[in-house]
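Written out below as structure tokens is the structure these notes cover.
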Amino acid sequence: MSGYVSGILAQLAINIVIAYSVFLPAAAGLLNLGAAGFVLIGGYVAGALTLKAGVPLFVAIPLAGLAAGLVAFLVSFPILRTRGVYMVLATFAFAEIVGGVLINIPALGGAAGLSVTAYAGLPVVFSVTVLVVAFVSWLLATRFGLAMRAVHDDENVALLFGVNLRLTQVFAFTIGGALGGIGGALLVHQFNFIDVQTTGVMFSIFVLLYVLMGGTQTAWGPVAGALFFTLAPEGLRRAADLAPALKFLESSRYIVFGVAVVLVMMWRPEGLVTRTLVDRIRRA
Amino acid sequence: MQTLQQIVNGLMLGAILSFVAVAFTLTIGMLNFLNFTIPALFMVAGMTLWALASSGGHMFGFGMHWLPAALLGITVAVAGSLVVERFTYRFMKAKYGDATEHALPLVSSLGFVIVFEHLVITLWGTEPQRVTLPFAETDLRVAGLVVGVPQLVSLALAFVLVALLSALLSRTRLGRALRAIAENPDAATLMGIEVNRIVPVVFLITGALSAIAGILYAASYRTVSPFVGDAVAADAIAGMVLGGLGNVWGAIVGGLFVGMVKVLAISWFGAEIEKIPVWGLLLAILVFRPTGLFGHSKIGKGKF
Amino acid sequence: MLDLENVSKSFGGLKVIDQVSFTVRAGSRTALIGPNGAGKTTVFNLISGAYAVDQGTIRLEGGDITALPARLRIRQGIARSFQNVRLMPHLSTLENVMLGEHWRSSPFALTRSRDAVRAAEAALADAGLGTYPGQVVSTLPYGIQKRIEVVRALAAGPRLLMLDEPAAGLNTAETTELRALLERASAQGITLLVVEHDMNFVRRLCDHVVVLNFGRKIFEGTPGAVHADPGVREAYLGAQAA
């Protein structure tokens, strides 16, 4: 496998993990525009651990997830007091604050970012991703997963059937945060670098968009979304190489993504992968 | 004296921010829709002004006079705004009846932001550009304070435009129709208000406001870049929340306040810390007093 | 088993429920009827805890549940269906039914476990709905959805089953099936409290009737006596007809 292909696959795997971090709260009805916040926490914690404390990767990654999860848990209480557009803004504010704090820590590189030497290659990234996918699939298949999706569809009725609204949402948000942290830990060790600038507003926006595009009804949605977001630009870049007349495709790959978002929201707002689609595939 | 100068600088920045905050608050109040394309249109107008009129731009091989260039910038932005209206709000309403309960317009608007930003990047690259315009270099000295002419214009215009807007909303038929739509879009339709023809007016007004702000920003700070919208978005949203969602005068106060907090924070603590006070304040408001200083709790009641 | 004592509820300045008292005896099949706007659904919402009472007490089997949070009332044995079908639109039939027993299951049990699936399928079959287990409910016809709601409420193992216009929109065959299902539930000891406009349905199913009008109780008695009561006739038909 060439370095190029394995790089793309590693990027895809990391995008899948980060997609799940936004997917879980979304499946419980919470829109999270703060993915960058948890990815930054995980990336910086893991990076600091391997760089400054010589902690091995297989310990640093879970610890990063734990740290991000803890922050998510603490932050969930104020954030879950908000609703709708206020919640979107609150999660956005949270991510900005995380970035704002990290950029002011010189020991972690400050504005220039954090460079680490430990490397997580495709095997590591891939195995972690597989574990994450398995975990989320399991979670959604439990009664807790049912409660999450019930809360997403109709909070008030879920309450009348005994679902603990607050607990369900806190849990979904916390685990989402932890997964974001794991994604960040993988990211910093795959690229050997992380900084606040590139993991900022647009990062959070892109993640939310491709999670919603993929679909929030099933555990396969985030995979579809991440696939589209990672591979479509590459596909466009390859297509551009085919003929000089198609050169514009390369520089316009984000425009295509933006247009795709608008189109999907118009014609298939529940996302590419829906319950009915999965059922139909299963029955076939 | 230094502090007084910083406060004045903050007010100047705040004036520009308040335009954008008003645009945001108008859209949220009228249509229950957090329109992320507003800061993108701000950027587009500024970039268009640079591309046409400033040395270093000269898109068509010559330097246009700043006034037609500014008007063209506003036109382009308003056109963009109307496209967004057609494919987000109006589409959702046609398909789902009540666009206000869905996250779809918000998400679609994010898609448009990506399109606008990358269109600009494709045309002119990602580097910030220096804006040189004839009048922009003049500063006034008043009582030992330095005030840029464009910035003073921004402050004055902010108040004038919002006063006009307020009058429009409270005294004209159009304004009454807009307020009826804000209360209850379906009841408004039943009363004979042609929602489909009036909602675009909101997008037109907000597009124009954002564009004017973008041009004033380019003239005041003499720089534009494809990412200038992102920076302003955060602050303008903070201003909107502070003033209360849907409250136009509140948005002005909020915008001015945020401008001041930002400039003072930078001058006291350095540029890198600027995010924390603004966003910390915003988060606190969202959690403890989401209606802001003057807002109504009804706004934002629909899910998104 | 259920006692409402002088319960009142206002929204803004409007008194929607005014000093209503009535008793639902254990094992009975009680109908709550009245013209549109009488406050029947509000009474349901007060009993289920969705709204808080302004004045008065609600007692369930002697215990005061007036201040009990809505989330905990299902543990006391109260389950309900809704006037406008409120199934979870993106969940399948089976999953909606499983939500009914959510309160007494462990959070990390798999919903795909054979026992859970079989139990839910059995409940659906019992109601004549056996052919729709895996389908996402938003694609199902209205009449089917309404009956799934009843199955969902039954899956909670309630002692008091509250149904808000369960027969509305059902055709004759479906109505008969529904009545049979409710009779079976009643035979198992479940107390029924039903809001209905279909008087035939009420007469055939219920043994006790409470009539509301403008938020006040105007009659309580047997289905037979309801017709004769002049107050009830006036409420439904207008003062002239009484």
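To keep things simple, chains are lettered A, B and C as they appear, and every chain counts its residues starting from 1.
The rule we apply is simple: a residue touches a chain if its C-beta (ideal position, glycine included) is under 8 Å from a C-beta of that chain, and two chains touch if they have at least 3 such contacts.
Just so it is clear, the structure is predicted and the values come from calculations on it, not from any experiment.
**Q** Report the chain whose CA-based centre is farthest from the CA-based centre of chain B.
**A** C
**Q** Closest chain to the protein CA centroid?
**A** Taking the mean of C-alpha atoms per chain, the most central one is A.
**Q** When the centre of a chain is set as the mean of its C-alpha atoms, what distance in Å lies between chain A and chain C?
**A** Whole-Å distance between the two chain centres: 42.
**Q** Calculate how many whole Å lie between the centre of chain B and the centre of chain C, each centre taken as the average of the chain's C-alpha atoms.
**A** The answer is 51 Å.
**Q** Using mean C-alpha positions as chain centres, tell me how far chain A is from chain B in Å, no decimals.
**A** 29
**Q** Mind pulling the residue numbers of chain A that touch at least two other chains?
**A** There are none in chain A.
**Q** Hey, what residues on chain B touch two or more of the other chains?
**A** Chain B, residues with two or more chain partners: not present.
**Q** Name, in rising order, each residue of chain A that touches chain B in their complex.
**A** Of all residues in chain A, those touching chain B are 31, 78-79, 81-86, 88-90, 92-94, 96-97, 99-101, 103-104, 110-111, 200-202, 205-206, 208-209, 212, 248, 251-252, 254-255, 257-262, 265-266, 269.
**Q** Show me the residue ranges of chain C that touch chain A in the complex, using the header's touch definition.
**A** My answer: residues 48-50, 70-75, 79-80, 82, 86, 88-92, 95, 98-100, 102-103, 105-112, 134-136, 139, 152, 156.
**Q** Which residues of chain A touch chain C once you look at their complex with the stated criterion?
**A** Residues 141-147, 149-150, 152-154, 156-165, 217, 275-276, 279, 283.
**Q** Using the touch rule from the top, collect the residues of chain B that touch chain A in their complex.
**A** Residues of chain B touching chain A: 28, 32, 34, 87-88, 91, 95, 102-104, 106-108, 110-119, 121-122, 230, 233-234, 237, 241, 245, 272-276, 278-280, 282-283, 286-287, 290, 300-304.
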